[in-house]
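A, B, C and D are the chain letters, set down in written order, and residue numbers restart from 1 in every chain.
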Amino acid sequence: MTASFRGVIPPVVIARHEDRTLDSASYERNLSRLIDAGVDGLFILGSSGEGAFCTASERQTIIDRTLSVVDGRLPVLVGCIDTQTQRVIEHVQQAEAAGADAVVVTAPFYALGGPAQVEEHFRLIAAATTLPVFAYDIPVCVHTKLDNDMLVRLGKEGVLAGVKDSSGDDVGFRLLIQANEEAGHPLTLLTGHEVVVDGAYLAGADGCVPGLGNVDPEGYVRQWKAAETGDWQWVKKEQDRLAKLMRVAMLATSISGFGAGVGGFKAALKLLGVFDSAQMPQPVAQLRPDEVDAVKATLIDAGLL
Amino acid sequence: MTASFRGVIPPVVIARHEDRTLDSASYERNLSRLIDAGVDGLFILGSSGEGAFCTASERQTIIDRTLSVVDGRLPVLVGCIDTQTQRVIEHVQQAEAAGADAVVVTAPFYALGGPAQVEEHFRLIAAATTLPVFAYDIPVCVHTKLDNDMLVRLGKEGVLAGVKDSSGDDVGFRLLIQANEEAGHPLTLLTGHEVVVDGAYLAGADGCVPGLGNVDPEGYVRQWKAAETGDWQWVKKEQDRLAKLMRVAMLATSISGFGAGVGGFKAALKLLGVFDSAQMPQPVAQLRPDEVDAVKATLIDAGLL
Amino acid sequence: MTASFRGVIPPVVIARHEDRTLDSASYERNLSRLIDAGVDGLFILGSSGEGAFCTASERQTIIDRTLSVVDGRLPVLVGCIDTQTQRVIEHVQQAEAAGADAVVVTAPFYALGGPAQVEEHFRLIAAATTLPVFAYDIPVCVHTKLDNDMLVRLGKEGVLAGVKDSSGDDVGFRLLIQANEEAGHPLTLLTGHEVVVDGAYLAGADGCVPGLGNVDPEGYVRQWKAAETGDWQWVKKEQDRLAKLMRVAMLATSISGFGAGVGGFKAALKLLGVFDSAQMPQPVAQLRPDEVDAVKATLIDAGLL
Amino acid sequence: MTASFRGVIPPVVIARHEDRTLDSASYERNLSRLIDAGVDGLFILGSSGEGAFCTASERQTIIDRTLSVVDGRLPVLVGCIDTQTQRVIEHVQQAEAAGADAVVVTAPFYALGGPAQVEEHFRLIAAATTLPVFAYDIPVCVHTKLDNDMLVRLGKEGVLAGVKDSSGDDVGFRLLIQANEEAGHPLTLLTGHEVVVDGAYLAGADGCVPGLGNVDPEGYVRQWKAAETGDWQWVKKEQDRLAKLMRVAMLATSISGFGAGVGGFKAALKLLGVFDSAQMPQPVAQLRPDEVDAVKATLIDAGLL
């Protein structure tokens, strides 16, 4: 079953009008563009997809519009990110009711944590849904690193279907791939680090969730196909090019973290004519004009503009 | 106006039945007990008050029951803790509509932060309400330390009415008290560290928000009265006693953080006959029986049982 | 025996010529000034005293010059800060051979740590000397927080004579004071946080190790005397004044951490005519001229210039 | 010139007798074994090589014995790890006087840091020696992450010859490789993460510094040769095998960090008959007997025993 979540699964970036309300037309243009590029799935309402930042009504709109546009053509994974178990379960059940194909869940956060609580959290969530549950390992946001032994154990028990790794810990991810292999590959393992996908594929990752895939989905699709045929020189060559393109998400100095990264992707999508605006959720500002110029120069260098 | 938020303002702990649903009867017994003890205000839906963990419907119930029981006898501050500005504003407007006296707001979290964004966050929230806004400085949960210069600046501008300090940074809090004094005391400054309230009062704090005040509200009320009269020996004596009692929140080893602390308060409240259950929100377990025995011994030592 | 380490024990700042070599004349002027002000002891080669930064030959010079100037008039505690046990023991034996009265030792660092190793570290060091050993709790530098239970246990066993607390954790320090009291006060407990000494005294600290004491030793001596007589209003009043003066160590923006703090103290000592230069060890720059002007203004405000 | 530091350069583990004194015979057996396996260089007195933990006299002995055994057959890089610039320079000059081929230097630590200071630190050190200087990026120990822009700038200026990356930040390392390439490859870039060398080679790393290379130097030599010929399937296959073998450094639970990792390597070297003892520097204990049994089982699984 989890085999259906292999390959390139971009975390879809949200489009907003200048007044910060959702811009469904721009958003759907991006969805169609990603599907046309041949991606293998879509991950909505993750960290890049503002799943932790949008309001309840925005959340419902995004789920509904996505599933309507996709219309079963490829699997849709829905981020269900919240501080506490019951709150996550409400999101999971919303996603399931709407027709999602899988949910992606972080460790609890704010003041919750501890190994026993984290494991119980995943168990309770999986018990509350029939959908496959992916664990989302993102310590930079939730300040808990998921334990490899727990992940593989929950994989073998059927509690977890996979892991989206945004841990920044490539050594740990390599050891997780190895332990998962020894256990018979119960988990589908996806890397969220778009700059080092080549190494993750060489190590045995089942796919990637690249934020930069919003900007250049074709590149990641070509890279995945090359990896499937073992053409590592090609995998590396695409990565070198994409690593340069990643500059769009790293050049802002007026803002940091999510604002710089997702702000850079949105600026690129506006320059590419996909988005009408690069607007961000409050309290985050858009990139400054000089930073947008630098994004433009990067896109031109990459031959995308 | 902010003078009305001085003194002892306990963060009210939530009561749950064994099945984890809200237990209004137990909760209201505790409210009445706190009011009878002479506390100066109540802080609901903070970190100890599960404001970051309860569901939307639980949130509405807690606000409504509290305001109904209190019935204007003392000010009620409502925690509005969420990752992002617009989500916080929805909570603030809910609190205002229900009749709250003030709101308490953290920095944004999960992936948001940065000085300019944090300041914008507070400005946007204050602009969306007529209620006094307290900044809640709790880096252990939101991973941003609020900057003293920003706090005093927003105080002088009327954006912020006060600060609830749970920063664990007593040097910083001392310097904030000093800067606030030099600016004409625009901010009401409350310490959330129940073990060192004596030092905070000596330094010039305007009051405290002690989780342990759920267990021994009379002690904190006596201490505040002693501080108001400059009887520092008495202030210290109460603190020494309360610091020993704080063991109820620090003795659990089966669980950590919020679970150990608030779990210990709930175990004490059950032993004191105030709560019917010491149940916690998922995925957190209650203290083990041997830990509850240690809480009981601590209460007996303190003469509370 | 440990009673002799009570009171005000400044961490003595090192004087350097502009060429960065030691300036013994300036250093000895400061020593004499501190002794004349009535301090109760001297702590050399701590963090402020460049114990972790000076070369082996500088270290020997500083120990020798200090003990010669002091000549038994008050106790000298020598910081023995190093990554690993045997290296610390070499420093301890050097201090003992020179005639020091006590040594002050951090947890091991760089890649060492873990509760069992930290405890073994202190045990091995105490076994290698007849001098009283103070534990130096400074997690910001060594990235290990010393455990209260371990400290009190080692106090009761006679392994440790006291603790110099620079942990920034006032709650933990309060609980340490309480546990030490319950154990019969085996440890002499000194706070290293010069801005909140009043609260520490109220809580029961045995003294302080204030870097700012290099700038205004008389203030800390008056404050200690007031604390000894229970005149808390005076204790607080001195602290309010000293907290303002602490601005000398917090105003630099051209440099951070040690450079800003100790750099500010040195700038003040030069302005006060005690030091010929405010030079720092490589690779640290002195405060910029505009920052020195701000230090000067602070000294004038405080009536010290 | 820097081309001579490409390939496999193991960080040589120190041998100690049970009484914790240096065991030169065991140490030299390991040196000879590494050289016979065909490694391209040796890195002594790094983190694994106890450079931050040994005493001054041990340090001299290790340098002298190594250079004597190696006798110019391959380059020797000497770790010069210390808190402060002048202290590092003393180590660098000792290494240069003894005939080392390069030095490897971390950012300053304990209380030093800040971008300007870190850059000045490297500049002052390079100015004090004719040897090539490698920057050692190891934030887990020194709590400063080296900045890519600074590294490439210092490479272009001839201040730095290369970087040994133990940052745990594979995204950052990939971007460093890319920036170094765009600058004309002034820096030799070596990864210190023995579990993900395959990905680092695919990304363009110039070599590796694998602690596990003490246990299986032949594996890393074969892997490097495969990388040089572009046989990525072989590179990956060796890595999968070596990642399993890495269990020797990760299975201890009685001890953490350096103790578990280097302790595991030493236990393996003793089981392999290379070391007479697996003794560690104080205050670190050796692995427990059951942990040594698990190391043995891992070596047998890997066909090394």
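The criterion applied here is as follows: contacts are C-beta pairs under 8 Å (C-beta built on N, C-alpha and C of every residue); 3 or more make two chains touch, one makes a residue touch a chain.
Please read all numbers here as calculations on a predicted model, not as lab measurements.
A.B. asks: If every chain is reduced to the average of its C-alpha atoms, which one ends up farthest from chain B?
C.D. replies: Taking each chain's C-alpha mean as its centre, the farthest from chain B is D.
A.B. asks: In whole angstrom, what separates the CA-based centres of chain B and chain C?
C.D. replies: The mean C-alpha positions of chain B and chain C differ by 35 Å.
A.B. asks: Rounded to a whole Å, what is the gap between the Cα centroids of chain A and chain C?
C.D. replies: Comparing mean C-alpha positions, chain C is 49 Å from chain A.
A.B. asks: Return all touching chain pairs.
C.D. replies: Listed by label, chains in contact pair as A-B, A-D, B-C, C-D.
A.B. asks: Mind pulling up the chain D residues that touch chain C in the complex?
C.D. replies: 20, 47, 52-56, 81, 83-87, 90, 108-114, 116-118, 120-121, 124, 140-143, 255-259, 281-285
A.B. asks: Of all residues in chain A, which touch chain D in the complex?
C.D. replies: Against chain D, chain A makes touches at 168-171, 174-175, 178, 193, 195-196, 198-200, 202-204, 230, 232-233, 235-236, 239-240, 243-244, 246, 250.
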